[in-house]
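Chains here go by letter, A, B, C, D and E, matching the order in which they are written, and residues are numbered from 1 within each.
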Amino acid sequence: MTTVQVQLEPAKRASTSFWHAAWYRYRRNRLSVVAGAVALVILVVAVVAPWVAPYREATIDLTHVLARPTWHHWLGTDEIGRDTLTRLIWGDQTSMSVAIGAPLVGALIGLPLGILGGWFGGALDWVVLRLIELFTMVPTILAALLFITVFGVSVWKLALFIGITLWVGFARLARAQYLALRDRDFVQAARAGGVPTWRIILVHILPNAAGPVIVYFVQQIPYTIFTAAGFSFLGLGIQDPTPDWGKMINDAETYLATDPLLVFVPVVAIALACLSFSFVGDGLRDALDPTSK
Amino acid sequence: MLALRLQGCGPDQGPSDGRADVVLSYLLQRVLSLLFVLLLATVGIFAMMHSVPGGPFAFSQGDLTKVAMHNIMAKYGLTEPVWRQYLNWIWQLMHGYLGIPFEEPTMTVNHLIATAWPITLIIGGLTIAVSYSLGLLLGVVAAIRHNTWVDSLITAVVSTAGIALPNYVIGFLLIEVFAVKLGWLPVGGWGSPADVVLPVIAFSLYPLALMERYTRASTLEVTYADYVRMGRARGLSGRRILFNYVLRTSLIPLITIMGPNIPNILTGSIFIEATFGLPGLGSYFTNASLHRDYPLIMALVLIVAALWGACYIISDLAYAIVDPRVRLEGLSR
Amino acid sequence: MSEEHPEVVRPTGRNGLPDMSRRNFLAAGGLGAAGLLLGGRAGSLFESHLRDVAKARVASASKVLGLAPAQMQFYSTYNNSVGQTYKALDFYETVYSRAPNADLFNIGLVRLNNNFKLVPGAAQSWSQTSPTTWEFKIRPGIMWSDGNELTAKDFVETFRYSADPKHAWDFSWYWSGIIKNYTEAVAGKAPLSSLGVGVGKDKYTFVVTTEAPIAYMPNAMLYSYPLSAAGLAKYGNGLYNIDPATCITCGPYTLRTFDPTAHVVLQPNRKYTAPFKPYIQYPIAKIYSGTYQVPLFETGEVDTVQSAPPNTQDGSLYKSDLETVKTMPKINKLPVYMNPQDFRIYYVAFKTKKKPFTDPRVRQAFAHAVNRQALISSLLAPVAVPAYGYLAPGYPFAVSKPLEKYTNYDTRLAQKLLADAGYPGGKNFPTTTLSYPAAEVLSSTLTGSVVQALVATWNAVLFNGNPTILLQELDNTTFYSKMEAHPTQLDMAFCTYGMDYFDASNMLSVYKSGGRHDWDNAQYDNLLAQGAAQSNPAKRQEIYTEAQTLLTKDAPGVFLWHGLYAFLYWPFVQGPALAKNDLGYDGVEWPGYISDMPEQLWIGSNYRSYPRAGAGGLI
Amino acid sequence: MTDDLAGARVGPEGTGAGAAPLLEVRGLRVAFPLERRTVYAVQGLTFEVHAGERLGIVGESGSGKSVSAQSIMRMVPFPGKVTGGQVLFEGRDLLGIPDAAIRSVRGSKIGMVPQNPLSSLNPVITIEAHFREVLSRHLGLSRSEARVRAVELLGSVGIPDPAQRLHEYAHRLSGGQRQRVIIALAIACRPRVLIADEPTTALDVTIQAQILQLFDELVAGANLGAVLITHNLGIVAAHCDRVVVMYAGRVMETAPVVELFRSPSHPYTVGLLRCVPRVAMHKARVFATIPGLPPQVTELRDGCPFAPRCDRVSEQCRRETPALADIAPGHALACWNPVTDAAARAEAASV
Amino acid sequence: MSPSAALGPGASQVVGERQEALLEVDGLVVHYRITGAGKVFRKHETVHAVDGVSFDLAPRETLGLVGESGCGKSTTGRTVLYLERPTSGRVRFEGRDLSELTPGELTALRSRMQIVFQDPIGALNPRHTVGQLISEPLRVHDLVPKARRRERVEELLGLVGLPADAASRFPHEFSGGQCQRVGIARAIAAEPALLVLDEPVSSLDVSVQAQILQLLVDLQERLGLAYLFIAHDLAVVGEMSDRVAVMYLGKIVEIAERDALYARPHHPYTQALFSAVPVPDPAVRTGRDGAVVSGEVPSSLSPPPGCRFHTRCPLAQERCRAEEPSLEPVGQGHEVACHFAEAAATARPFGRLATDG
């Protein structure tokens, strides 16, 4: 009786890691799977834009302005004769660079701050909280206007500016996660085992906080697409001749009555991207947090 | 009255003395801390604005000679050093005076805001009323009909309309259909009651979608709580369970989620106001920024910040009032 | 549509008049106007001796003209207020931020007619009494609404107020160098009393002393809507006119409502005594901050879409708007009126003090590498004509055709010039940025399209398709502050300029040394000085032709096109003001309300046949 | 209450005067269809409860004891379904009556005390409101009547200063007090049956003793039929009259409590009894264990579910499901190889 | 002993005759400051989690720490490991005062003292495999060369009765009992001398409980561990411990050799605990023939003055309300903090105890 050998149930799958289980749960959600596929296509097209776009991004043909779809221009051309399909594909690259880049910037700033505040608490937390308040207080549009006026705008700068307005959310989330996880038994166990603090923060807590952060990240993508499009709307967005979906809508809005396709194409693209990332976010939330309904 | 309903703390967490004091001390701390942050914010914005190229009269005044420009700058006190201007501003602020907007020097900023903000407030207030109530309703219905086609339909439609399209695009489409094609409603502008319809619809969709999603999630969460099961075990009616058990608790967290969204809505959307040609606060924001209208920008920042702070504090207090479990915890969050 | 409504006034003759002779027309108009005054509700509008005229005559006159009943005599226009703020109602209070219709308030010394000819205004006559002195004889009996008479003193005080450094008038450059001591006064270096304005031998004589002989002084005096001397003395500034209670005018209207974000409504000035009598009783400017000119017009919200803010390229109808109109059955058969308004030039200015633009051959290469015709036909037509020089066709002393050879589309020549300058095939040419001002919120991004097309052409023609010229969009404030800095901070800037007064000296002075751009040319400066002093039109033409040739040849900028403006009017907006003028333009032309337009425009009684939204409680 | 009395009342045969049971569960089956598999939580549960009788259902986690209690009230959580059997309450099958009817049974005829008192009261309404809604729903009491009754009830469950407590919210009460409130709510409408699902698991031992004492008093005082679900054999021994031992959704053994502890016959019962830690005079160094883990039944298969862990297992155990059969009056057993060895029994019963 | 004995150095005299204590805890106090309601400015309130606890523990010995929730037993366990810093008091491990160690030294020392938690699943990082979990102490303390780690992990798994292939699995694939085995494997991986067992079996099923207890007993014998066994259950504590300390509201009220305590508990609270333990024997109907202790544990924010148990003690007298009793010896290594210890031991206010019978 002294050595009790425990029988394990035979493993049903090779490995049922947390991530495998999450993937399984994600796969169950058909909408999220479809959305994931769409999002993937959008991302892949963004990467391979230079090779799949039928024309060069800035090619202008003043002899074919506002053309209807033809064999040469599947989606027609815009007011200065640029191929709409080409702009859609290049615009995908621009829009996705900002849409992914901005939350990335936000996460890079927000996560460390939130983690520091949440883990160490005290004065550090106080400072982080005040910083969060400060950035919540200053209206996003104004901050971005000032940034853009001072530094100009490019794809990466835009991602940076929007990212700076996004860090607050990431910091809040990370802080809450770390506060919640700080007192969990497994963290206590790691401390008891003499695991150094940095290792606890990075190796023990971070993977556990990753779920909500990933979900939040994905949910910020549609928001960023919106915001970037909004800046285009204000004339502060991506600059010509770089194609961008928001800018395409803004440019084409004038032709809503005469050439609705010109508006329709980027609107559908933005809607598709926003919806797919939003559903991917929902799917991930359910998949990463099995307790959520 | 408000304070008296606040509960102190749990059974093993000691005395709950002085409930009014709790509120007072909470308020004092929050307000002080907010003022501190606000001061930082104004200094930052002031400094940044003055570091941006181009002054308030650079563009709009055309080919000004140096002398004429100097005259204008002197007229508005802009020839003084920046720190001095900031102090002047603070001094004016303490007297409740926000200065003269460079863009509308025939008015004071106070007056300008007093005329522009009501428009935004009407649109914003209606938007909040429409989006929050409808979002709530749809969220609850979706939660009750969880895993049915009703749920899927609501979620899909609301997400598509509210989350997949920027509100100004929706605005364009609404105008194209209801104003231009059908001619039922005005294209834009401000004056008649009909003018609010399209902007409110366009503005409402996003908060509506948010509200629907949060309500649904929160309601679903509570639906499976122990005490709801126990309510059923005591034979309570379905309606009573829904209203007294599920909604009463599930809607509480929405206060802290949706409360802080209120200032965003009440200070107006540049996009909505530009799309529908509303002379509200939001449009001043862009114009003031683009034209370096310092007093107006500072006033607008102040409004947003103060409103934001107030909404945060109020939603905290409201949370503490409606949820007896919650304690006011001073400076946390 | 015109078949259904025969009373619609359409130009039929060569000079743009209907069959009825112009004189008859005016006479009828006068009668009609008088009749309206009587027929109007709530008491007569103008205290006129015409009170005795029989009502029958009124009726007949109305019938002839098809005039609407008096209470329908309002006229609403669309104004785009995005990026535009309206601070005051008087020119001498603020120029760039004055409200729409403001110029209807007061009567300036001179006015223009439909053909841009100078006609008397408040001044009956004027003369150059010495090379540096001009005298303007003011028509006696013009009364201010506060009961005072308009005299030379009002003008003197108005000009002094304009030069007051404390007032810091935003248009003070206009008189600098023209009126004696004006520059010094603005700088605070000379007392206002030393200004070269004064009262002559009687109180109706206004005397202006100039720094140098100024031949075009009467033209410049288009901007002389006076403020009331009494008002200025009482209120200390010109802002008394933004409040109906304190408003003092000497023109046909006083203020009814001033809401700078929504509308500006004028109403008849009951004390008005000048002979110029408008038909429209309530000019209403509706201010919208969207871009929905066409839909607003289509739904009858406004009677016309017509807007030309002074400094932006936007606000008028574009090719795209006109295309949109074609899709709207209610309005797609209406005539589109076209005219040049302020004879605007659109061009790209170089930083000529910086390599590689120090070399005129480089600049010329750029000028020859633009296919203006293609640009216009695909992007701008019909609202633009190609520009080869700075002055638009029809503008005084403008030459166009002879300049073509210096700047026409010639890719080989362009490439050769660039090679000669040391950049064969565009090699070694530094990457250069073309900056352009951002469109304001929600406004059309036409500029963006045009500059993209431009840059694409240049890169293709001059640089073998290498992206050597880049684009940069700057917000307006940044753009103008950088462009107008001395030295300019922009290597290439897409700019525009419109006239202030109807004389070549106005537009051409933009390129004076030390002016807007950094191009210095002593010969050019000299020519402009000569032109300003010369009063013989033929000689002036010679001088200005030479100046324009010089400007185009040396190419400190690439002149691209002159803007035209398109307008829509509902057919019940009628009158000779809309007819084609001698230059072939129709619609209400510049300068609109300071011309004789008010007497030539009315609302026809056929307004009932159209969807008219009404005044919406504004009157 | 003595052992004899308890023994006399137990079991269908042993019950005096053949009185109809208050609550009778027959062949109850509950299954949870999950995404990838179905959990057969209860497979043919049969028991009955008489007035004044305390039935203990004992088992380890996953044995289906809680689900059984929930299915009596027709409150099996989603996605669980009752797939067979009957729940007869006063002769009526509760599984077949309309929703409205079951609602008027819940809380009124059958009261329930849950496992976790900390989360089982509505946090945003006062204690008084809890009472008011139950009393007005089932008894139609007015506001003031309900208050009086609530004070009475709180007093009867041993809450000090009950009138004051009425205005409190649940979070202001300690765990023990909350459980008392819940019990008061459960008995508020004078139910005939009280189902207590591990009512003391979340409580400290001293409070546990108090609550169980209260439970006994209430059952005795109101002549209730009581079902006490627990994993603690000590509680069963002290507070039940009859015991049902469940394992993997089945009844392994059922007997009057004295009988069961005196002569446990199922190897599982024996093993369980031997595992129970006891307050003994001397330190133990060797612990009796049952190897392996309690299973979760995800496929319906013939054979004894305890077979994999049983030390008396035979080929038959793996092939055939043993039926529940009486081995003595009131003592039924589902086992092919029951423990008959008196020594082993004795060792199990008292170490 | 003086009333201040709990705080003074004298506390170790209790077990004075035993030498070489592995762990000496001396006057341990842990107070938390929480933010309470306050007038205008926040007022801090103090939770008296542990209020002067002293004991020591010899190598290979098991000390049971028993008490109800909120009595401070878990806090004591964690503070002993310096997972929380004590407000005052001293913890000496292997003769070294933990408060004097640098963070580095403390980290190094952590390999010698480990903890097993109550919630077996929650104590394991859900994102790490069992192999990672068990090898972490090896890595952190660099106990085993990298190449041998895998081998060592398998060895440890074998030691706690888990198959070697468990190393590649994640905690959620295991049952509670199995997880507890993993937790134990991790705890012993660092080759500690002391294991704090914080309610290691209270969330497990009885049949599994016994398995884990057996494992712990076996490991103690094989590895020579000392256990600080924390539990609320006198039965389990009794089966495991050499000595038992009973805690109430942050204080030890009685500490003694296991058999002595079980034979003759002195403190009324200890007796109350005994009387409340359900006995799996219908013949012994605990609490029916004796009184069940009434009332509940008072708030640790404001512990009652005098004897902390006086509010619930049927024997309480005026003195108990005013004067705080200190731990006084009543027998060999048996100390009780009760003014009327001897009387209580005889009076048996809660009647029959679980041990009787």
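We take it that a residue touches a chain if its C-beta (ideal position, glycine included) is under 8 Å from a C-beta of that chain, and two chains touch if they have at least 3 such contacts.
The model shown is predicted, which means the values in this text are computed figures rather than measured ones.
Path length between subunit C and subunit E in the touching-chain graph (shortest route): 2. Counting steps between touching chains, the shortest path from subunit B to subunit D takes 1. Distance from per-chain Cα centroids to the pooled protein Cα centroid is smallest for B. Subunit D and subunit E have CA centres that are 32 Å apart.
Centre to centre, using the average C-alpha position, subunit B and subunit E are separated by 52 Å. Averaged Cα coordinates give subunit A a centre that lies 49 Å from the centre of subunit C. Within subunit E, the positions touching two or more other chains are listed as 177-178, 211, 214.
Multi-chain contact residues of subunit A (touching two or more other chains) are listed as 1, 4, 6, 149, 233-234, 256-257. Multi-chain contact residues of subunit B (touching two or more other chains) are listed as 11-12, 52-53, 180, 224, 270, 274, 286, 290. By the touch criterion stated above, subunit C contacts subunit A in their complex at residues 291, 318, 320-321, 323-324, 326-328, 371, 374-375, 378-379, 438-442, 444-445, 448-449, 451-453, 455-457, 467, 471-473, 475, 477-478.
Residues of subunit A that touch subunit B in their complex: 126, 129-130, 133-134, 136-139, 141-142, 145-146, 149-150, 222, 226, 229-230, 233-234, 246, 249, 253, 256-257, 263, 267, 270-272, 274-275, 278-279, 292-293. If you check the complex, the residues on subunit A that touch subunit C are 58-60, 62-63, 65, 79-81, 148-149, 152, 233-236, 239-241, 250-251, 254-258.
Contact residues on subunit B toward subunit C in their complex (touch as defined above): 52-55, 57-65, 67-68, 71-72, 74-75, 103-106, 115-116, 175, 179-180, 183, 186-192, 270, 273-279, 283, 286-287, 290-292.
The part of subunit E that touches subunit D in the complex is made up of residues 68-69, 175, 177-178, 205-211, 213-214, 217, 232-236, 238-242, 258-259, 262-263, 272-288, 292-294, 296-297, 353-355.
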